[in-house]
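Next up: the structures, one after another.
Next, two complexes with chain A in common: one pairs it with chain B, the other with chain C.
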Partner chain A sequence: MHQLLPYLLTSLLVVGLATPLLEKKLKYRTGVFLSVIPLSFFLYFLWVFTSLGKTESLIIPPIMELVRGGGLSVRLDGLSVLFGLMVSGIGVLVLFYASAYMRKYPRQGYFFMLLTFFMGAMLGMVLTNNLIALFIFWELTSVFSFLLIGFDNHLEKARKAALQGFLITAFGGLCLLFGVLLIGDIAGTYEISELLNKGELITSHTRYPLIFLFLVLAVFTKSAQFPFHFWLPGAMNAPTPVSAYLHSATMVNAGVFLLLRVNPFIGDTLLWDSVLPLFGSITMFTGALLAFGEKDLKRILAFTTISALGIMVLLAGIDTTKSIKAALVFFVVHGLYKGALFMIAGLIDKTTGTRDIDRLGQLWKPLGLVSFAALLSFFSMAGLPPMLGFIGKELIYGAKMQAAYFSNIILVFGILSNMLMVGISFYVFYQVFWPYRRVKKKVAIDGHYARSFLLSFGPVILAAFSLGLGLAPVRIGKYLQNAIYFIRAEEVAVDLGLWHGVNAVLILSIITVGGGILLFIFRKQVAFNVARFNNWLNKFYLPDVFDKVIKNYVKVASRQTDRIQHGYHRYYLITFFVITSLLVVVHLFANSGIAPELQLQPIKSYLLILFIVMAFAAGYAIFSSSRIAAILALGIVGYGIGLVYLFFGAVDLAITQFLVETLVMVIFVLVIYKLPVFAVFSSKASRVRDIFIALLAGGMMGMVVLKSNFFNVETPISDYFINNSLNLAHGKNIVNVILVDFRALDTMGEITVLALAAAGVVALLRLNIKKRENE
Partner chain B sequence: MELVLAIFIGLLYACGVYLLLRRSIVKLILGVFVLSNATNLVIFLAGGITRSGISILQDEVVVDKSNITDPLPQALILTAIVIGLGIAAYTLALKYKYYKVTGTDDLDRLKNTDQR
Partner chain C sequence: MNNIVLRTIVNLISRLLLYLSIYLLWRGHNAPGGGFIGGIIAAIGFVFYAIIYGPGKTRERIKLPPMYYIGGGLFFSALSTVISVFTGRQPLTGLWIDIPLPVIEDIHLGTPFLFDMGVYLVVFGMITAIIINIMEVLRWN
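And then the complex of A and B:
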């Protein structure tokens, strides 16, 4: 059964590809139909979860390895199954919800395909036992969330938000890759199960800080930690089912998951215990504070999500058994209430056409059961009994008191953030649902959506879980032991309960609720001031800053490209010739001068005359303004070279040279009268410059020739040809034997080139390109 | 002898480079041709600039190697010369067509793929 898991994960890809076809048949029921997949995953995980021993983990080897040491091996332990449960469980409800919510949208098949892919990537990420596979799935979630956030791709805002989220999370993904590779380099394996007992090796390594930095960047970008938090509110441009899924239990929790996953072999160091709590606390507080200044229901939820992620990172950073327990419980708590609240926000949006909490009001009666679910979820968010949120918050307070560094500050920030959370919960609930609030103008209500079963199913179930698990926390507590064992390598009994007697934590809770109620009473002032603070903060509006950075980056890059790739062919050549010449000349001089021991041979006088004639002809050719004269002068050079070949005894060369030279002359003369007369385009200055460059290049080549005459690095392989030409190939003309026998394949290539050139010429001459009229 | 050869080859290269740097495409093509001639000569002389007999064997069994010009560079250059012909023919045809379509010989107007 377990062995099938890698195949099942891969098969999600196929299912995803088939959804557009399904959608043609099933229309809006596609979502409901697809929910069978996460449901079966959910039931399977539930079974594994309850049957897994306290210190037991199941590892399924990969089907095949993508790279050496990197394949999709699956790991089933408390942590992966807990996350798997949340991903698949909320997945079911989101699919239900989406099938109603997306009903009027175009491209639903595509939407469900993306959602299926995303779910598969997310499940793969939490289940894998291999860091390379984890990285791949991590990036896949970034890609699919990009497509999902930008699903309304006709809206510029959505496209921008999607791109921003993607650039940030993909940057984090690259950091993750570096971190993973470094870990693999040090530990020699990418398998998590093998890494578990190599913590000492990695954390004591000199490159540990680098690994830590990379992993933390990955976590902070994915989990929207300060200062990378700004992409998350933008992601609210996504259709609400996407927000409900991405920001409750999946995408943004990937960072938290990674922290918990690598904790056994990366954690428990000074860096870990100080950096994570610090940034976690900042994020926790900023998120909660900024949420108060927002008016859009979804944006409020987005900021509280940031705050919740901050709490989880903080808890993972405190890194005690208690804090890990708190993090795990809070992950469940947050997933349940945030999923429910997002879905409710979407439902309200559909029902009333607005998400502005000032315009909404008195929705308690019209929304019926959903209002009750909202109440429970807000209670859980505020951390009030008897919800699971209360237990989570108690655990968090207990854990924060244990923090190794500046626990007092963390505690104070924690209490403030939780007060804000309580205040926001009350505030939003009061604004939106409270039946006795006076509203200027009642919003119109579309009863069709308000009573939609599919839309209200998800939030109600999630709220019921929040309540049920709060009342009977033993149900979940028992099974967290396994997860904690693999994170902290400690066997602990986890007993969760609502009532632990009067202790410091309870007193803190009471203070928090009191503070929250105070905030609620002064909500108008608080909201106003925070909004003002927000406005002030918007001067440094991070998404804009980010945009500007990206834009300038592109601008600089294109300017630089324009400078280097200017499109003037002669400047490319000048660069090339000058640099090459200088390099070669310098190198030649560095190697004992130009020609150390010149042993000049005397030159025959007729040869000297030949050279002088050719030199004059060449000079004449380049400066002549008559085309025919230039060609004829170059002909003299060509024939002269043929004579030189002849002088040195290369008969075949001389014959070929004469033939080819003649042919080229003929072709040139045929074509030349169809071509324009030599026009002088360049100025005198540039001609002088070109002469200098030409002389530099020529001088360089001359030196190379001089120098090369004194080099004979290896015995020439020509001896082989000379000795064997007659014996093996039965030919007396060695050059011909080489061409048609020893190196026959090269000659074959040469003939092919010629044939191609001929074909090209014919094609060109027949080609009929119309000249544009408007030139 | 070496000196004269070196200077001559240098001069040929200088001519070729100068022609390559022209804006007129016809001159550029001439430059390519000059450069290919010069390069052939360099390769040929790299085999040694001693004047010796042609590389055709007699019926003797024992070969006197010092009396034979190195055949390998010759074979290479022979290929190169013929390919040079192919290049010259093709570039000329290309130029001919280009001129007919665009009506210009100025390389600076070749910066764009669009017809302007």
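And then the complex of A and C:
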């Protein structure tokens, strides 16, 4: 059963390709139908989760290796299964939700294809046991995120946000690749299961800081940490199902996942324990603060997501058993409430046509069950009992107190940002749902969406899980042990509970809630001031700075390109000939002196005649004033070369030379037939220049040929070809055997170039024809 | 060029060249010939055809758009590249099978032949694509 997992993951690609066809048949039911896939994954993970022992991990070897040491081997342990459960579970609900949400959109088949691909990439990333495979899936999630953010590709904003998110996350992906390669170089393996006990080797290596830097850049870009956080609010231009899935519950958590994954062999160092908590707390606080200044429901949620990601990075950085436990629980907590809230935001958007929290109001009654789900989710976000969020927050406080470095500052920032979270939860809920708030103008409500089963199914289920797991936390607690065992390499009993008696943590919680309520009471002033602060901050608006950098980069690049790619064929030829000749001449001169070592043999008389004819033809081509005559003369040179091949027994070469020469002749004549006669001849100066270039190129070629006899440094490979052509490659024609067997990779490259060249030529010519047709 | 003699001859020659090219492709592994040469010869037949009959007729005659031949050729070559991977060998390893036949000698077939076929198709497609399009730009005939 487990052995099939790599195949199942790969099969998601096939299913993804088939979705546009499915969509033609199933229409809007596609999403519901597709949800069978994540559902089966979910059930499978659930089964693995319950059957996996406390210190057990399952490793499935790869089907085949892509590169040496890099193949899709699968690792099932607490961490991967926990992430897999969230990815597949929320995947089911998002597919349900999307099938209703995307109903009026064009290109739904394409949308579901991307979503399926993303699911496959994300599952592959969390499940793999190989760092190379992890990198590939990591980049794939970035690509699909790019395509999904820009799904409304007629909007410039969406395209811009997509590009921005992609450039940043792909940059992080490259950093990850460097980091992975360095790790593999030091440890000699990319398999995570083998790396687990090589931590000492890596962390004590002199290149460790470099590895750490690369991995941290990857994590910070993917998980939207300060100062790379700004792409995430932009990503809200995606359709809401995408925001709910990629940009809150799954993809942005990839950075946190990576931190937890590499913790056993990268973590537990001074750098790790100081850098991560520092940036984590900055992100946590700024995210929560800036959320207060926003009016758009989705943007508010995006900033709270940034804050939550900051918390998780911080917890992974504190790096104690308690903090890892807190990070894992908070990952679940956050996925549950944020997924639900995003879906609700989308539902509200569809129902009322706006996401502005000032214009919305009194939605408690019209939305019915969904408002209750929203209430529970906001409770979980605020960290109030009896939700799972409360347990998460308690754990976080406990963990923060243990931080190795500046734990006091972290704790203060933590309390402040949690107060802000409580405040914003109350604030948004009050603005949007509270039935007794006075609103100037009631928003119109589209009952069709408000009562849609598919739209409300997701949030209600997620909220129910938030509540259910809060009331019976033992359920997940038991299974976190396995994850913690592999991250911290120690066996601990995880017992989660709502009530731990009156202790420091509980007091902190009470203070937080009190502060949050205070913030809620002064919400107008707070929101106003944060908005003002935000305006001031916009002077250094990071997306704009980023845009400027990219724009300047493109400008410099295009100027450079203009200089090199000027579009004059003759100058390209001049550059090519001069540089090649000079390089060869200099190299020859440096190595063995420029004079050829002559070892002349008497020349055959028929060859001599041939050469004289060719020389005359070449001379004629130079001085002729008619194009067609010049080309025919060049043809004589070509055929002459073919004859030379024939004299020396290279039949295949000769045939090819003749054929190509004929073909070139025909094409030339075809084209030249239609061209006017020479109107302007080149000036004297340029002719003199051309003579020198021609002499240089010709002289270089001649010298190389004369010298080449003495260059046999190693035994020529031709002996190998001659000896093995028949035995190994079953062919008597050595030229052909070299082309299609010994050197088939070269040929593969050559025909690809041919195909591209043909595509280019055809495109250019068709452009011409099209222009003519338009006139 | 509306000349009945030319038309008949070119019709015949282009056919002959096509058969010749297939023969050269087939024997290429053991005697002068092969995909590259075969592809050029087949294409030259159609170039003659195009000169006499014009690009439109040539398009009809080769049935598929030239780009399809190029794509198909690349596909065959790529296929022969990966087939050996599925048998657990390095990519591009030549695999051979013998097909015993009565009377005439056995056929010795291998993935390099598939590869050569790809080369043949790419070369053929490329030349016809360029010639036909040039002629359309020049409004030949």
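Keep in mind that, in the parts below, the second predicted complex is superposed on the first by the 562 of 775 C-alpha atoms of A that agree within 3 Å, B and C clash if a C-alpha of one lies under 4 Å from a C-alpha of the other, contacts with A are read in each partner's own complex, and residues count from 1 in each chain.
The definition used in the following text is that contacts are C-beta pairs under 8 Å (C-beta built on N, C-alpha and C of every residue); 3 or more make two chains touch, one makes a residue touch a chain.
Predicted model, so just to flag it, every value in this text is computed and none were measured.
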- [ ] Could you look at A:718 and tell me whether it touches chain B, chain C, both or neither (first, second, both, neither)?
- [x] first
Open item on the list: Quick check on the superposed pair: does A:674 touch chain B, chain C, both, or neither? Answer first, second, both or neither.
Closed with: both
Task: Which superposed partner A:64 touches (first chain B, second chain C, both, neither) - done: second
Task: Broader residue contact with chain A after superposition on the shared chain, chain B or chain C - done: B
Open item on the list: Looking at A:14, would you say it contacts chain B, chain C, both, or neither? Reply first, second, both or neither.
Closed with: neither
Task: Partner chain in contact with A:745 - chain B first, chain C second, else both or neither - done: second
Open item on the list: In the overlaid three-chain picture, which partner chain does A:732 touch, first (chain B) or second (chain C), both, or neither?
Closed with: both
Open item on the list: Once chain A of both complexes is superposed, is A:765 in touch with chain B (first), chain C (second), both, or neither?
Closed with: both
Open item on the list: By the touch definition at the top of the document, which applies to A:757: first (chain B), second (chain C), both, or neither?
Closed with: both
TODO: Quick one: classify A:663 as touching chain B (first), chain C (second), both or neither.
DONE: both
Open item on the list: Taking the stated contact definition, name every residue in chain A that is touched by chain B in one complex and by chain C in the other, in rising order.
Closed with: 651-652, 656, 660, 663, 667, 671, 674, 732-733, 735, 739, 747, 754, 757-758, 761, 765, 769
- [ ] Please name which positions on chain A make contact with chain C in the complex.
- [x] 64, 651-652, 655-656, 659-660, 662-663, 666-667, 670-671, 673-674, 729-733, 735-737, 739-741, 744-745, 747-748, 751-752, 754-755, 757-759, 761-762, 765-766, 768-769
- [ ] Spell out the residues on chain C that touch chain A in their complex, using ranges where they run on.
- [x] 28-37, 40-41, 43-44, 47, 51, 66-67, 70-71, 73-74, 77-78, 81, 85, 92, 94, 96, 108, 110, 112-113, 115-116, 118-119, 122-123, 125-127, 129-131, 133-138, 140
Open item on the list: Quick check on the complex: what are the chain A residues that touch chain B?
Closed with: 567-570, 573-574, 577, 595, 598, 600-603, 607-608, 611, 614-615, 618-619, 621-622, 627, 630-631, 634, 637-638, 641, 644-645, 647-653, 656-657, 660, 663-664, 667-668, 671-672, 674-676, 678-679, 681-682, 690-691, 693-695, 697-706, 708-709, 716-719, 721-723, 725-726, 732-735, 738-739, 743, 746-747, 750, 753-754, 756-758, 760-761, 764-765, 767, 769, 771-772, 775
Open item on the list: Quick check on the complex: what are the chain B residues that touch chain A?
Closed with: 1-24, 26-27, 30, 33-34, 37-38, 40-42, 44-58, 63, 65, 68-72, 74-75, 77-79, 81-90, 92-97, 99-103, 105-108, 110-112, 115-116
